[in-house]
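Each chain carries a letter (A, B, C and D) given by its place in the written order, and its residues are counted from 1.
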Amino acid sequence: MSNRRVGLWLIGACGGVGTTATLGLAALSRGLTDTTSLVTALPLFNGIDLDGPADFVVGGHEIRQAGFRATAAELHQRSNVFDENLLAGCQEPLAAWEANVRTGTLLGAGPTIAKLADRPDANKAKTARQAIEQIKADLVAFKETNKLSQVVVANVSSTEPPFETSEVHQSLAKLNAALDGSPLPASSLYAYATLDLGLPFVNFTPSLGATCPALEELAVLRHTTVCGKDGKTGETLMKTVLAPMFAHRNWRILSWVGHNIFGNRDGIVLDDPINKSSKIKTKDQVISGVVGYKPQTLVSIEYIESLDDWKTAWNHIHFKGFLGTKMIMQVIWQGCDSLLAGPLVLDLARLSLFAQRRGEVGVLKHLACFFKNPHGVTV
Amino acid sequence: MSNRRVGLWLIGACGGVGTTATLGLAALSRGLTDTTSLVTALPLFNGIDLDGPADFVVGGHEIRQAGFRATAAELHQRSNVFDENLLAGCQEPLAAWEANVRTGTLLGAGPTIAKLADRPDANKAKTARQAIEQIKADLVAFKETNKLSQVVVANVSSTEPPFETSEVHQSLAKLNAALDGSPLPASSLYAYATLDLGLPFVNFTPSLGATCPALEELAVLRHTTVCGKDGKTGETLMKTVLAPMFAHRNWRILSWVGHNIFGNRDGIVLDDPINKSSKIKTKDQVISGVVGYKPQTLVSIEYIESLDDWKTAWNHIHFKGFLGTKMIMQVIWQGCDSLLAGPLVLDLARLSLFAQRRGEVGVLKHLACFFKNPHGVTV
Amino acid sequence: MSNRRVGLWLIGACGGVGTTATLGLAALSRGLTDTTSLVTALPLFNGIDLDGPADFVVGGHEIRQAGFRATAAELHQRSNVFDENLLAGCQEPLAAWEANVRTGTLLGAGPTIAKLADRPDANKAKTARQAIEQIKADLVAFKETNKLSQVVVANVSSTEPPFETSEVHQSLAKLNAALDGSPLPASSLYAYATLDLGLPFVNFTPSLGATCPALEELAVLRHTTVCGKDGKTGETLMKTVLAPMFAHRNWRILSWVGHNIFGNRDGIVLDDPINKSSKIKTKDQVISGVVGYKPQTLVSIEYIESLDDWKTAWNHIHFKGFLGTKMIMQVIWQGCDSLLAGPLVLDLARLSLFAQRRGEVGVLKHLACFFKNPHGVTV
Amino acid sequence: MSNRRVGLWLIGACGGVGTTATLGLAALSRGLTDTTSLVTALPLFNGIDLDGPADFVVGGHEIRQAGFRATAAELHQRSNVFDENLLAGCQEPLAAWEANVRTGTLLGAGPTIAKLADRPDANKAKTARQAIEQIKADLVAFKETNKLSQVVVANVSSTEPPFETSEVHQSLAKLNAALDGSPLPASSLYAYATLDLGLPFVNFTPSLGATCPALEELAVLRHTTVCGKDGKTGETLMKTVLAPMFAHRNWRILSWVGHNIFGNRDGIVLDDPINKSSKIKTKDQVISGVVGYKPQTLVSIEYIESLDDWKTAWNHIHFKGFLGTKMIMQVIWQGCDSLLAGPLVLDLARLSLFAQRRGEVGVLKHLACFFKNPHGVTV
């Protein structure tokens, strides 16, 4: 633990991923769990001055009437995760951090996400500029009230519809000139506000976030960092691990089918085919990136309510070996989505804060291994 | 293709692996198949002066009345592999190379392997020295008759019972003094003869082969090379690919169960619990070697006749993620054993011949990635 | 074997299912294979006067330039089925029966199926009446030329788009009055012609066929039989076998997900979402029919070219046991579609011919167990 | 609910199965759970005068220092089953029923089970007669103290080593003459005592229990009932459901491999190869019983600690279809052993009590569907 006090601000704070990251910080700082699944707890990172769990204060934006305690209880009850003693021991910090949560913006979030919104004090911003100003005000208040030396912002909200960038996103000057309209999806409004305050931004989702030249320019201008996008948590991680095996053994992948089923709130949002298309795109490109040709691939993501937060994926890999012989490898993955993603958010927060202290600016390309579609890296 | 003529001498020549490697050479040199599954055909190896398929002549030792053509036909008929046109197009070289096959030794092969022997001209050697002399005579005749510039010997026979080395295997002098008894298993008799003639030796099995100080000394003395042991063909390859994922994500492996079923002749030999123990040992150690602790592991190999050469493996990996959450990954592998192993034998033959031409001597440690239990490398 | 000569007329004759049924008849009558997978070869049917394989002559309608020999060779080459000796031994009858194949109608077959048509002598029928007359002429010629005592017609063609019946299909009189227009899909044109000639009709597909009151009336009028629809070959068979287990043990099915992948010509047709919807409907209803409530179900069928005729299905069954405990059963099915369906076509042909000889008329309800969506039976 | 008060006496009371059955009774009678997984709660049983959950009082024999509350807490903590609110709401009856538990006998239980014994007041019986008398005294006290109209005894203890019956077990007279020695395994001592008191006996394990002529004779003499043996809970149930599908479709099963892994206390006992052999025998015979021939079968049961009570089974079924085509069906079962078995114990208790009230005596053959190796029924 350092003597620093730092902040973790979560966009979509009280969803499964945000709540798990938050509960994890509370449990780690109270000694109620071990560091399993935290990459930054590996011996490799010994001797690096990372922030400890107890150094963090949590806050965030949320569009639903939800709190860390209620979401944690719901995950426990429906998905059968979190020991009840661990939950009981963390109620105090969860309650305190809930008080830091502010209402998020719906501007540019798309209709499926907007349908989930139920907070009474909805953000009324009509232009990008208004939304950004409100977000900045929330972030500044969080930092000052809690006397934080640094704050990192992580987007862990549901996937937005695809967004096509245009000329206006190619430079900061052009983007600034357009802010009285609505030139950005919600994820990018958060990114803009974050970067404009000189804070590091982590995009754990497939949404646009800071992935355009204008916002990269802003990050450099304000001496801060960005990384993203779409945390590589389970099934895609497995793909990036397995695909090189086929390449190095000179086996020809004929087809790779991945069927994903799960039942959490992200699943409801991804049941909208528009939102789903953003997600499938980042999941589907990894294989041809590794093997250098395009085998037939199929990725489906389906909402099956009874699975709750348990993402189950069946992968069927058909490949050709010596003398034309076709063989098959199948992988069945049964992982809990929030529990896979939560610790990676903490890793990225710690590494982003550390990078900023070291003076790094712009895209943190060395964090590519954490993402399905790494920002700034061609795969 | 070079202007060289080289020999590939196979111990257990007419088993599934030896036959597949041989058929592959014939098919490749006649343009009847592509180079899928040959590691040495990857672009990485472009520009290296490896021997081409048409440069090879094949011969070997065998203890059964079996030929390349009969085994290939049997694999085609029972395991449903090898296109019949490919088979038809290769009958001529297979027939020619069958004529190069000589009767192998049973000295030190163990009773389960001895039961398979049915050639009328059984090797009558009573001492290690006699067996080695006979093997050397066969190798010299093969090399001279075929006017070969180099010959590489690859052991692709069935797994022997475990063999404990002792003081006598610690130096060449001590071993030489014991050769009028029976101080070596069959695989090491072949290794001795090969190395003493200055030929490279590849041990594709878990048997002892050249894995003792005395034989390593002999390899250096005769300016030749050795590599082994136990080719990493399918399920274990997959383990060494997946285990690092768990390590790098700081997930705790709780248990790793691997059940293997298959029905080829190796399966009959491995149904003897003594022979099986040699195999399970090399399969079972890879995980703890990667992750640095010992999760509960279980490896079974069972003979299921109907599967013939199709090795089917179910892997159940139970691991602990964040906040103590247990998750599961399962892998089902359906591969054809001989087709997985055959091309690797060709890779190792080509790389061993090349290494010898470059003047390398002793254990070829850089070939560790081809083996379950790499000779000369601590995992 | 009887002294009868009977005919099997296949709609979609030279597809995978039709070709397999035909090859099977040839192989069985020549003693080149055993009766495995023929339900009517079970001891249960001993003593019933069914037609033997050698009693059959085969013919059919087809819209593509394809023959039994070419399709059988293609299945052998691409899907790795049929022993080449069996194929060689059946070339003669396959050639003879190919000569009986006539060009089918495209009227009402839908655009996706029409795209596959490439025979030069395309059926030019513009009205249902014309198409029916042409079909009848083909059937009569087949029966007379071959001196057959009976002919059974089996629809084994690709799945048509869904077809909504209306008032016109409620009685034969109304239907007859509409035949100068196009009131029927192709499958029902074949059914009409068949029944009007007093021949039994088997609908092995999910298409409409004879499933409407008007055509049932025609069957009774002409003293012949119908059965269907959609042969229960693999994955759905497994569902109807497993679902009762959950019901009888009072386990609550929470969700049942079935992902099917395969790569044959049917797959190309089913890749059209319209045609696919017909198929998914019959696959998806079986579970709630058995358990009496509607768990969340999901059925997907996807075309994966490399699998050819190998239908691979992953089923994930999530269920609740005692004290609210959620458990999981997963089933992976790897079957070859044509080989599963072909013998059932022969069973249904034999049972339909036998039923007609016994004097049964109308819907053969006792054959319900052969179909996903049994005609005349409420599930 | 009736006006009766009945008793359920469990041998191995505080193991996972006994505890789950007990917790289930408590939860059902307090309305804290629904009747999912109770076969006797199906509509089929409406109108039959079965005892309701609130009619039961629980007691039993146990050789370990364990109580229902501790075992339930351990299952909750290690296997992640039982909602904590359900547990909390049942503490009172669990505590009350724990007071009814008495020390069991180790006579004839075998060394592996004896190793688990740690109660201070170990049963000191040296002869079968002494052990039986002690068991009877415990049962009589339970019945009288709790004013019970009937008591059913269910053996849910760990599997004993195989026991070979001999001449002495062929009649009650011969057995009685031998009781001053040790002619019976522990499970049969309990059975003798139970039956001699005229109480129904349920053998949920593969142990001998009442499965010999002498004890069947005793059951009839005392007007009571027996049923067994080895409850068909999960993997074997699935086999008996699937095997008929292969038979009725005339597919030839080539091999059926079932690998079972689990980590509860039964697993420790089954890790002793002697005890395991009893279990594998009853699991392995079901398939040939159904299909009428003997395909190669393999059943393994392995103790994998991390799985706790979650029995995971991989089944690989290799079968031959039409024209010799080999196909594969794989089933992966992930069920919680105690939760599968517990409700069946309640079903069998209710049905045994009802049968006795109706005046049935001897072996209850109609309960065969509940058992792997049904007593009194040839499969």
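Everything below uses one rule, namely that a residue touches a chain if its C-beta (ideal position, glycine included) is under 8 Å from a C-beta of that chain, and two chains touch if they have at least 3 such contacts.
For clarity, every value in this text was computed on a predicted model and none was experimentally measured.
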item	value
Pair from A-D, A-C or B-C with over half of its contact pairs in common with B-D	A-C
Whole-Å gap between the CA centroids of chain A and chain B	46
Chain B, residues touching no fewer than two other chains	80, 83, 328, 330, 332, 334
Category of the chain touch graph - line, ring, star, complete, other	complete
Touching residues on chain C, where the partner in the complex is chain B	77, 80, 83-84, 332
Of chain A, residues touching chain C in the complex	80, 254-255, 257, 259, 261, 296, 298, 300, 302, 304-307, 312, 314, 316, 318, 326, 328, 330, 332, 334
Footprint of chain A on chain B - complex, ascending	20, 23-24, 27, 33, 35-39, 41-42, 81-83, 86, 237-238, 241-242, 244-245, 248-252, 320-325, 327-336, 339-340, 342-343
